Amino acid sequence: MVKVLMTSVAAVALLIGQAQAQEKLKIGVVTTLSGPAAVLGQQLRNGLQLAIKNSDGKLGGREVQLIVEDDELKPDVAVSKAKALIDRDKVDFVVGPIFSNILVAIMKPVTDGGAILISPNAGTSNFAGKDCNANFFVTSYQNDQNHEVMGKYAQDAGMKKVFIMAPNYPAGKDSLAGFKRFFKGELADEVYVPLGQLDYSAELSKIAAASPDAVFVFLPGGMGVNFVKQFRQAGLADKVKFLSAFTVDESTLPAQKEAALGFFGGANWAPNLDNPQNKKFVADYEKEYNAVPATYAFQSYDAALLIDGALKATKGNTADKDALRAAMMKAPFTSLRGAFKFNTNHYPIQDFYQVKVAARADGKFQTEIDKKVFANYADPYAKDCPMK
Amino acid sequence: MSLSLLFVQTLNGLQFGVLLFLIAAGLTLVFGVMDFINLAHGVQYMLGAYLAVMFYALTGNFLVALVLALAAALVFGLLLEFVVFRHLYERDHLEQVIATFGIIMFLNQGVKVVWGAAPLSLPIPEMLSGTIVLMPGILYPVWRLVIIGSGLGVGLILYLLVTQTRVGMLVRAGATNARIVSALGVDIRRLFMIVFGFGTMLAAFAGVMIAPILSVEPGMGDGVLILAFVVIVIGGIGSMRGAFIAALLIGLVDTLGRSFAIDILRLVMPPSPARTVGPAIASMLIYVLMALVLYFRPAGLFPVRGR
Amino acid sequence: MTDTTLIAPQRKPHALELAPVFIFLVLALAPVAAAFGPETYLLGLFTRVMVFAIAALALDFICGYGGLVSFGHAAFVGIGAYSVGILSAHGVTDILISLPVALAASAIFAYLTGTVCLRTKSVYFIMITLAFGQMVYFVAGSLAPYGGDDGMTLQVRSTLLGFQPFKNDRVFYYAVLLFLLAAYLACRAIVASRFGRVFRGAKENPVRMATIGYDVFKYQRIAYVIAGMIGGLAGFLLANVVEFVSPAYMSWQRSGELIIMVLFGGIGTLYGAIVGAAAFLLLEDGLGSITENWKLIFGPMLVLIVLFARGGVVGLIERLTGRAGRG
Amino acid sequence: MADPVLQLTNLRKSFGGLVVTDGVTLDIGAGELHAVIGPNGAGKTTLINQISGLLAPDDGAIVFNGTNVTALPSNKRAELGLARSFQITSVLPKFSALENVALAVQARSGSSYKFAGAAAREAELNDPAFAALEEVGLSTRADVLAAHLSHGEKRALELAIALAMQPKLLLLDEPMAGTGHEEGARLVGVLQRLKGRFSMLLVEHDMNAVFALADRISVLTYGRILASGAPAAVRADPAVVTAYLGDELE
């Protein structure tokens, strides 16, 4: 009798245990998988998947179910997909997106819906400042910062005259504003091109005519691929220093190749950043996806680590949001970039580097750390954020 | 706004225009002769670029890659014609639009599945990769001059083909009145196939030539397609001469607009708003041009027939 | 649907003539079903479907009955949406102001561009409407105070005399349904009216219409304005559904999608546009959740529909229920 | 003679180098049926197109009912009471015969800016339209789509549309073209009945019909009026006989 009771208790306990283990942690991903920008969106997704795989499919001890949605780079589609994640799938976290305009669109539905939004790339100034949100965390940077790195570098290097250019949209204007915040020399010209422009012949002719010390450009994705190639073809690479942000990175280098050699960028990380966790990440990523990871992949990998660490602290509990947020604020994980902590606005405080494009022995290309420009750098908008 | 800058920008505009002409020529032929709106013309341009990248990776020789890419694009184009398009000639324009839009979706995604979403590139042939000094202090990439030259060359060949050969005569007649051509006892189906294949090759050629300058990526044909439509509508549908002139016009207006819009606006407003308004106006310029042309000439600059 | 006074409708109404009734019945009952599932999401999805249905309806009105294929129809959606967005940025959220402004703005734009566009015919009309669509798109993208290319978030949905009736998703759903019903009935009435008869006649034979004394251009322009206003209404609602306004609403791809919706459902039926919008958006959503390469399936589907299912979904049903080859 | 309904003064039109209307002067009196005949390519349809406003003349004047309409668009001329039929049938194929005519009734009766109420059920439009159909003998075919009518019926429908406009002048461009013998004869009968109630300008190849119907005949060759006058006079005119009528009348 006792024996029977014992076994049934054990069985019940086992069942309960299983039930607990079986309740999966649902993480939604909103990323761009359509169109030319898909290459960035795939890196984001890959980084997450890799992190989950490396911890045996679990984060914070809970089995993870990843639900990936393509925002198609259309805000209304993104909102609909975000609502689906919140309402249909009842996710606890949403990781994404790549683009700022999508972030602005999905912020309200996700955070109002009670999930925690972790941006592994876009970090607009409004959400860093007065519109900061308790349910919103950023594992990348505030959008201006990589541009500020370049501005500081140009200033410190004593450059006299710089030609700056960005696409004509809010992030483009933030970019040049960020550069100008630290660069006080003469601007040969300040040019805004239409978003998605492919041929830069007109601008290159202007650059050649102005003959500045350096150009600073913010031309993400295919725009950067085209500009870098055309810049090299126009014979400017030997005469004018090439400074950039989000223009030469591992997502574009496979197409830019030699054309980008020796060009500079500003970043919070590079594949050759020297620490053991990063070495393992880069090696794993290359093995899994046969490509060199870019910042998008590393930042979403960090987002997964952040979830992992926070859930370990709350023992897998996602229901108590206050406890969860408090745990996340402590940034309880070893970031691939080394030192990392959250500011009051839930944006990172971190180091920034000037990186340089180099060829690797295996024929691939990557950015490499050239010089640390900022240490423990926080964005200036945090002071406007009411969260303390 | 120096004179030499104006000269270089004119050259840039010319190069852009020539590229547009290569794409628009095929589009206007197919549209004019077969009365077929082929939205998939842009993906044929994209396919040309991708095929060139692939064949270059296999052979390491630009010229061989070019020839192979054109051949492969032709085969693929004819296959598409055989499987899908030839069933659409008799349909109305809207049905053609939706079906060819479906082809765009399929091929854009297909390219991504086959070659990946990341942009690819094609190097310029070694001997043409340098720059030349146009005038003191002004360098110009040789490859862009090659594009201008080959585009003008193709234009000349097209002109000779259309004006001097029997097929060309039929094409002209077909653009004016397709019924007459079939009444002449010409195998209209074969004529269509020739015209279609030729148009496909022209688009693919444009794709190959531009691949060393632009990144090769999914969807690269979409924007160009719209511009090509702007060109053939301004030129007058079915008119090769119209396409040529309109392409150069669009190329020059767009390039010069982008280069000088801000400078011109600065004359009338403070620099800061000029910088943001300028690019918006520059982007709009070609559409404004099209609206103006169509307002005064509702069938384009060189109307071929009263549609 | 050619009505005559002389033949009394003796025959039994065909299943297809009840289709609009059926469609609206389904839409009216959908929230009940949604309550058993992920309600907010489903309501949001169906609300979006109805909003695009309104826009597609307007396009079908000018396209299917007037032969005016507009490739810039998304511009009206954008103008409606931006009217809401810009007003709300200045603190004006009342529907009694923002809706009339949205309608007036799209009407004015339609009147001005229609004056220019309607001079051209067929493909030239398609392209010139595209041109104006692109112009508005670039203008919206350069509106730096209103988010430029990034777009802007609406702080609240439109209000009514200080109340927030749209805050409740279900109320909002039924409000959109009412707008859709009103737009559908209005279009249907116009098509059958004296004006509609002239407008339809202009599609068939503009020269004949002119020689019996109609200034075809004027009628087409009025119809274009009506379609523009309905498009603006869709934009007004879209801004409220998404609570976000963006130039992306008026890209030429969006105009193309609207054309596809109309053709997908069956052109020249009005309710086909509703079916088309639902089919398009639900397929996009459904296929998208199966595979990220959903366009590999969707693209060939479009081709197959054109090749084998002329008349879209409605045409297909018509054939399946054995009414082939009529009219 | 009372003021003519239509007066053409020295009308000229050329396409490129080809002169198709070469100084045509012509008038049509009230209630008169004036026929214009001439070989193919003489410029008859071009003339009608200029009168109805589809083509603008290069020179000259068109005065209709005392109004100079030379620069008016065709819809304005229609409003003034000028109706025409087309040589190549030009009806609305997807409208029923009744609707085709009702549109013409609607054009001259009241507003077309009514956006509600089914036009198809308005007796105000349908009754006159039905009457016009009756006049041309098509009343039994009222509900048939125009596309499904026979060729002769379409010609009759053209006529009904023109009648429904209650015009002051009817321009008839080869109303008998392509009809069979029987249908042609029926149309002649219809025109016979209409004669006198409307002023008409008739362009027709069927000489029997022309000489049976016309009050006056003008002969057009190479864009010029070769002769003009009563049927008997024209028939006897030697210039006309050599230029045109000779072979046809034998």
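Which chain is which? They are A, B, C and D, in the order written, and residues in each are numbered from 1.
FYI, contacts are C-beta pairs under 8 Å (C-beta built on N, C-alpha and C of every residue); 3 or more make two chains touch, one makes a residue touch a chain.
Remember, it's a predicted structure, so these values are computed and weren't measured experimentally.
J.: Quick one: how many steps at least from chain B to chain D, stepping chain to touching chain?
T.: 2
J.: If you apply the touch rule, which chains end up adjacent to both chain B and chain C?
T.: A
J.: Tell me which chain's centre, taken as the mean of its C-alpha atoms, is farthest from chain C.
T.: The most distant chain relative to chain C turns out to be D.
J.: Centroid of chain A to centroid of chain C, CA atoms only: how many Å?
T.: Here chain A and chain C have centroids separated by 37 Å.
J.: Just give me the whole-number Å value for how far the CA centre of chain A lies from that of chain D.
T.: So the centroids are 76 Å from each other.
J.: Distance from the CA centroid of chain C to that of chain D, rounded to the nearest Å?
T.: That pair's centroid distance is 43 Å.
J.: For chain C, write out the residues touching at least two other chains, lowest number first.
T.: Residue numbers touching two or more other chains: 138, 141-142, 144, 295.
J.: Where in chain A do residues touch at least two different other chains?
T.: Expected reply: 33, 168, 173, 194.
J.: Using the touch definition from the top, which residues of chain D touch two or more other chains?
T.: Not one residue of chain D touches more than one other chain, so the list is empty.
J.: Throw together a list of every chain pair that touches.
T.: A-B, A-C, B-C, C-D
J.: Report the residues of chain C in contact with chain B in the complex, numbered from low to high.
T.: Contacts found on chain C: 63, 69, 116, 119-124, 126-128, 130-132, 134-135, 138-139, 141-142, 144, 252-253, 256, 259-260, 263-264, 267, 293, 295-296, 298-303, 305-307, 310.
J.: Name, in rising order, each residue of chain B that touches chain C in their complex.
T.: Contact set of chain B toward chain C: 31, 37, 84, 87-88, 91, 93-99, 101-110, 112-113, 222, 226, 229-230, 233, 237, 276-277, 279-280, 283-284, 287-288, 290-291, 294-295, 298-300, 307.
J.: State the interface residues of chain A toward chain B in the complex, per the touch definition above.
T.: Chain A residues touching chain B: 33, 35-36, 38-39, 42, 168, 173, 190-194, 196-199, 201-203, 205-206, 208-209, 211, 221-222, 225-226, 229-230, 233-236, 251-252, 254-257, 259, 291.
J.: In their complex, what parts of chain B are in touch with chain A?
T.: Spelled out, the residues of chain B in touch with chain A are 2, 4-5, 8-9, 12, 15-16, 112, 116-121, 124, 129-131, 137-141, 143-144, 212-220, 223, 255-256, 258-259, 262, 275-276, 278-280, 282-283.
J.: Tell me, which parts of chain A touch chain C in their complex?
T.: Chain A reaches chain C through residues 33-34, 68-70, 73-77, 79-81, 83-84, 86-90, 100-101, 104-105, 107-109, 113, 168-171, 173, 194-195.
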